[in-house]
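Here chain A shows up in two complexes: once beside chain B, once beside chain C.
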Partner chain A sequence: MSVEAREARQPWILLSPALTAVALLLFVPLLFIMIYSFWLRTATGADQVGFFLDNWQEALTDAFYRDILLNTLKIAAITTVVCAVMGYPAAYFIARSKGNKGILLLLLMLPFWISYIIRTMSWINILGVSGAFNSALMALGIVSEPIQMLYNETTVILGLVHFLLPFMVLNVFVSLDGIDTNLEDAANSLGATRWQAFMQVTLPLSLPGLAAGGLLCFVLGAGTYITPLVLGGPTDAMFANLVFEAIITQLNWPLGSALSLMLLVVLGALVLIYNRYLGMAQLMKGLG
Partner chain B sequence: MSSVTLNNIVKRFGNFTAVHRSSLEIPEGAFVTLLGPSGCGKTTNLRMIAGLLDPTEGEILIGGKRVNDVPIHKRNLGLVFQNYALFPHKTVADNVAFGLKYRNVPASEIPKRVSDALELVQLPHVAHRYPKELSGGQQQRIALARAIVIEPDVLLLDEPLSALDANLREDMRVELKRIQERIGVTTVFVTHDQSEALAMSDQIVVMSAGRVEQVGAPEEVYNTPASEFVANFLGASNIFDSQCTAIGGGSVTVDAPIFGQVAIPADKAPRIEGQGPAKLVVRAEKLHLSQDAAPEGGVSVPATVETVDYQGQAVRYFVRAGDTQLQAINMIDGHPFNEGDQVNLHLRPQDCAALPG
Partner chain C sequence: MTRKMDNTTRYERLRERYMNGDLDRRSFLGLIGAAGLAYGVQTPFARFAHAQGVKQVRFDGWGGVVSEAFREYAFDPYAEATGIEVVDGTFGGGDEYLSRVKASQEGEYNIAHLSGVFDYARYHNLGLSTVLNEDNIPNLQYVIPKLVDVFRGVTDGKLSCVPYDYGTTGIAYNRKHISDDEAREKGAKLLIDEAYQGKIAGWSDWRTRLWYAALQTGQDPNNIEDIDAAWDAVRTHRDLSLKYWGSGAELMSLLAEEEVYVTEGWSGRIYALQDQGHDMGYIDPPNGMGWQECLFVIKGSPMEACEELLNFMLAPETSIAVAEGQNYPPALDPQKVDLGDKIPTLPAFDPTGTLEGLTFADPAYWNGNEQEWSKTFGRVQKGY
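And now, the complex of A and B:
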């Protein structure tokens, strides 16, 4: 074998375990889901094998699904904006802190060591009827009855922000950390105030990180089902809860498959648009 | 254009003193170089003048006005960095125009000022390109254009040539000096490169470990170093522990190892105040290897060539005379000597300098 041929083969040999795993654990199941979505669940509860468009027709035309999809995108969008507004200053602070960057980043990662579900449920102990917040208010005599703060859209967004904020901070941090601090000094020396220098130089140069963080927050937020399940009320279902409902509760795999593919297509389109304009490299930097 | 004065400046970072109490006077329109090895405090001084650092003690005056409490964006200084620090998301024209937007320059006048500045740095055709499309030397010219277009009171250059290739560095050196002379702006230049300092400066401030070692014109600093550090940092020197045996009659006589009694002109030993321990400083290029006898009035010592370091137009020799190794840099005239050759070291007393021991 020639040297070139051996060198050309090497990456594939190194990648093969990962490619095998991705193929078997992601693409094959996805293919099953795709096939399932054209089957039909009959009145008896058995799945009828074949090529039926009924599930797709229901998923695409029923206003119920459309409204929940729009509501899901709205919640994800609000969460993303809140994360950006809260995360940017934190990321800026970490990127500009001199000696203890490592410790601050470690603190940022610390919540990942606790299960996402536990972190979400912790809000019940804080905001619940007998939670810390209500207990404090009652002890201080500010209210006589506990306030019902949980189980609405706001707490769903709160839980999502809690979950997604580190992703935003990390992505913005990576972007800011790569900006030469001399640029701000140069802008200042040319007559720009610190705020003007930030708006003219630092912010535009950190936009790729903000966009990458935004994409991650939006996609992860729009795909969540645990947060609305734990912190949302009966009317706060997000799209992934519909999939859960269809597949786990109603055992309607064909409809659930069609719904999950619908969400995948919507979020996939977003990722493609992002990739078209900003490229995946930035996202990888933030994840690494 | 303004003078710059540092008055009893001290800068401490925690327990570390980066700049020990020092004062400095930079006259209006002068090109002054802060020269020294890394960590000597030269950049700290520059950053304090710029307003990027606050002095722990002392005051800074620009054009006679105290600026300690004036923020950087109000000091009207041109700052050029080693890594250019051009805004990567802005075109060359927008980079250069940046400072003009914060000064009351009419928008209609900006394009003219930008193109004049680009003309001055001889890059009139790159206005619409982005910094990354330019070479390092071009980027540094743009950085210079951006700094001078605002007509700063003082131009501060922080190792602006260090990131460039050797050949380009020498071209840029000439170019930078030409532009500085043309606009006549007071310039503070920070470098660790002695040849840049010698070639460009009106005044050189040699710094070491946070202290000013010597301030003087290039020739003065080079020929009459004020300390052993300066003698070693600017060029290569041979330094001998000696005794001053006589003083007067316009000369200082030093009894040095190897060379014996050397009568140095008094202006080459201004810091010798009387008899006693002294140091004889012999620059490597003042020590000539020869096979002839001693020239009139000169000193000659036999020696053996140990190492020959060929440098093209010159050769650096390490020679041994008795127990002592000496360094000599000679222009090549004919063939260089070979290792093991027996030679005579010629030295003219007026080429020596003496420091207090």
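And now, the complex of A and C:
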């Protein structure tokens, strides 16, 4: 075998374990889900094998699913904006801090050491009627009766921000850390104020990081079902809750498969648009 | 005489030969790869070989104190007597467990602590039932006949389970805010009382929601004639509610933390709250929701081993210990077995053993409407 041929084969050999894992653990299950989506659920809960378009027709034409999907995208969008507004200054502070950057990054990663569900449930002890916040307000005499703060859309967004903020901060930090600080100094020396230097130099250069963080927050936020389950009220459901209900409560795997593919297509389209205009390289840096 | 070598010993010897230089790297990796391939190929068929000698039985239940009682009074003595180990698994709800069973290989799951005749019928309709040899379960004689007969009615006179305990889903309320008199007077309508808007909760289970909606609209839960009125009652309850709860732990937390003042609740959980010192009231309104739990043997299980385990679990000492742990009366007939001091104090306990005062869901009626009503509730729950 020639050296060229061996060199051409080498990347594929090295990639083969990862490609096998992706094929077996992602594409094969996706194929099963795709096939399932064309089956039907019978009255007893058993599946009727065949090629039926009923689930897809229902998922695509029923206003109920469309409304919940739009509401899900709205909640994910609000969460992303809040994460960006809160995360950018934090990332800027970490990127520009001298000496203790490692400790700050470690602190940022600390929440990942605790289960996401536990972190979500902790809000019940903070914002509940007999939680820390209400207890403090009553102890200080600010209110005489506890305020009902939990189980609404705001607490769902709060829980999502709590979960997703580190992803935003990390991505923006990676972007800011890669910007040469001499550029800001150069802008200042040319007469720009610090604010102008930030707005016209630093912010534009860090936008890819902000976009990568935004994409991650949006996709993860739109796909969650635990947060609305724990912190939401009776009507605060997101699209993933519909998938859960179809598959677990109604034992309707075919419809659940169609709904999960629908969400996948919507979020996948978003990733493709991002990739078309900004590329995946920045996202990989942030995740790395 | 040759000693039977297990796979671990075999691989250790292979590794030792490789480390000693008796085997080149290519051969070593080749042999490991071949062993992996052989294991992968034979595993799907291994259960047929395992069926020759049962080594373990899997039991799935609700976890917590119930599991501990089962372990102490049934699983360990059973393992000692038979040499068969009981693998103890847990689930959070019947629907979730059914999905797991549906996705599993036959024989992977054996016995489950299922809730209600409704689930029994669902499992049977999905082809997951078995036929128990009742001669192998002599302790079945102590069980309340009415509980057994309901299951026989679903499976043509045969049994795929043994009844284990019963309870009610009644109305639980905080006595600091709602008096016993008010609760008794309003009954099921307490859950749609505007005076308690934002302080009401409910289980996110479509059957319970519709059952109580039937009571609130003056209908028979096992024969709802005006379903639109019932759905309107479900909507009213939804709009007045702070939250739908999804587990017993969440129910207890909402009441104990005073996030809500009234909800329907499981009798045993409310008893546990009262036991912890919370001032909770509990009533079963007329036609309140009675239910029973059973130990169901799933298709593909080793039958004799499972029947023997069921007999251990139905033994009065086990049943009573489990009942005291979970605060639900056992399925044992109080006319035949002395149930001790605590059980007669549990909510829903019937000293006559006839259970005439409880209304159970008609499985044929509820199963017949399951597909439509569970889907409709999914929408109503979200504001539709």
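The working rule: the second predicted complex is superposed on the first by the 288 of 288 C-alpha atoms of A that agree within 3 Å, B and C clash if a C-alpha of one lies under 4 Å from a C-alpha of the other, contacts with A are read in each partner's own complex, and residues count from 1 in each chain.
Criterion: a contact is a pair of C-beta atoms (placed from the backbone, for glycine too) under 8 Å apart; a residue touches a chain by one contact, two chains touch by 3 or more.
Worth saying up front: this structure is predicted, and the values here are computed from it rather than measured.
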Under the superposition described at the top, does placing chain B and chain C together on chain A give a clash or a fit? fit
Give one of first, second, both or neither to describe whether A:L278 is in contact with chain B, with chain C, with both, or with none. neither
With the two complexes superposed on chain A, say which partner A:A187 touches: chain B (first), chain C (second), both, or neither. first
Give one of first, second, both or neither to describe whether A:P204 is in contact with chain B, with chain C, with both, or with none. first
In this superposition, which partner touches a larger number of chain A residues, chain B or chain C? C
Determine how wide the angle is at the CA centre of chain A between the CA centres of chain C and chain B, giving a multiple of 10 degrees. 150
Once chain A of both complexes is superposed, is A:L150 in touch with chain B (first), chain C (second), both, or neither? second
Classify the contacts of A:L251 with the two partner chains as first (chain B alone), second (chain C alone), both, or neither. second
Touching partner for A:A90 - first (chain B), second (chain C), both, neither: neither
Let me test your reading of the model: by the given contact rule, A:L105 touches which partner, first (chain B), second (chain C), both or neither? neither
Going by the contact rule set out at the top, does A:Q196 touch chain B (first), chain C (second), both, or neither? first
Could you tell me how near the closest CA atoms of chain B and chain C get once both structures are overlaid on the shared chain, in Å? 48
Chain C - residues contacting chain A, complex: 93, 95-96, 98-99, 102, 122, 125-127, 198, 206, 238, 241-244, 246, 253, 257-259, 368, 370-371, 374-375, 378-379, 381-384
Quick check on the complex: what are the chain A residues that touch chain C? 41, 43-46, 64, 68, 124, 128-130, 148, 150-151, 229, 233-235, 237, 242, 245-253
In the complex with chain A, residue positions of chain B that touch it: 50-52, 71-79, 81, 83, 85, 87-89, 98-99, 101-103, 146-147, 150, 156
Touching residues of chain A toward chain B in the complex: what are they? 180, 182-183, 185-194, 196, 200-201, 204-205
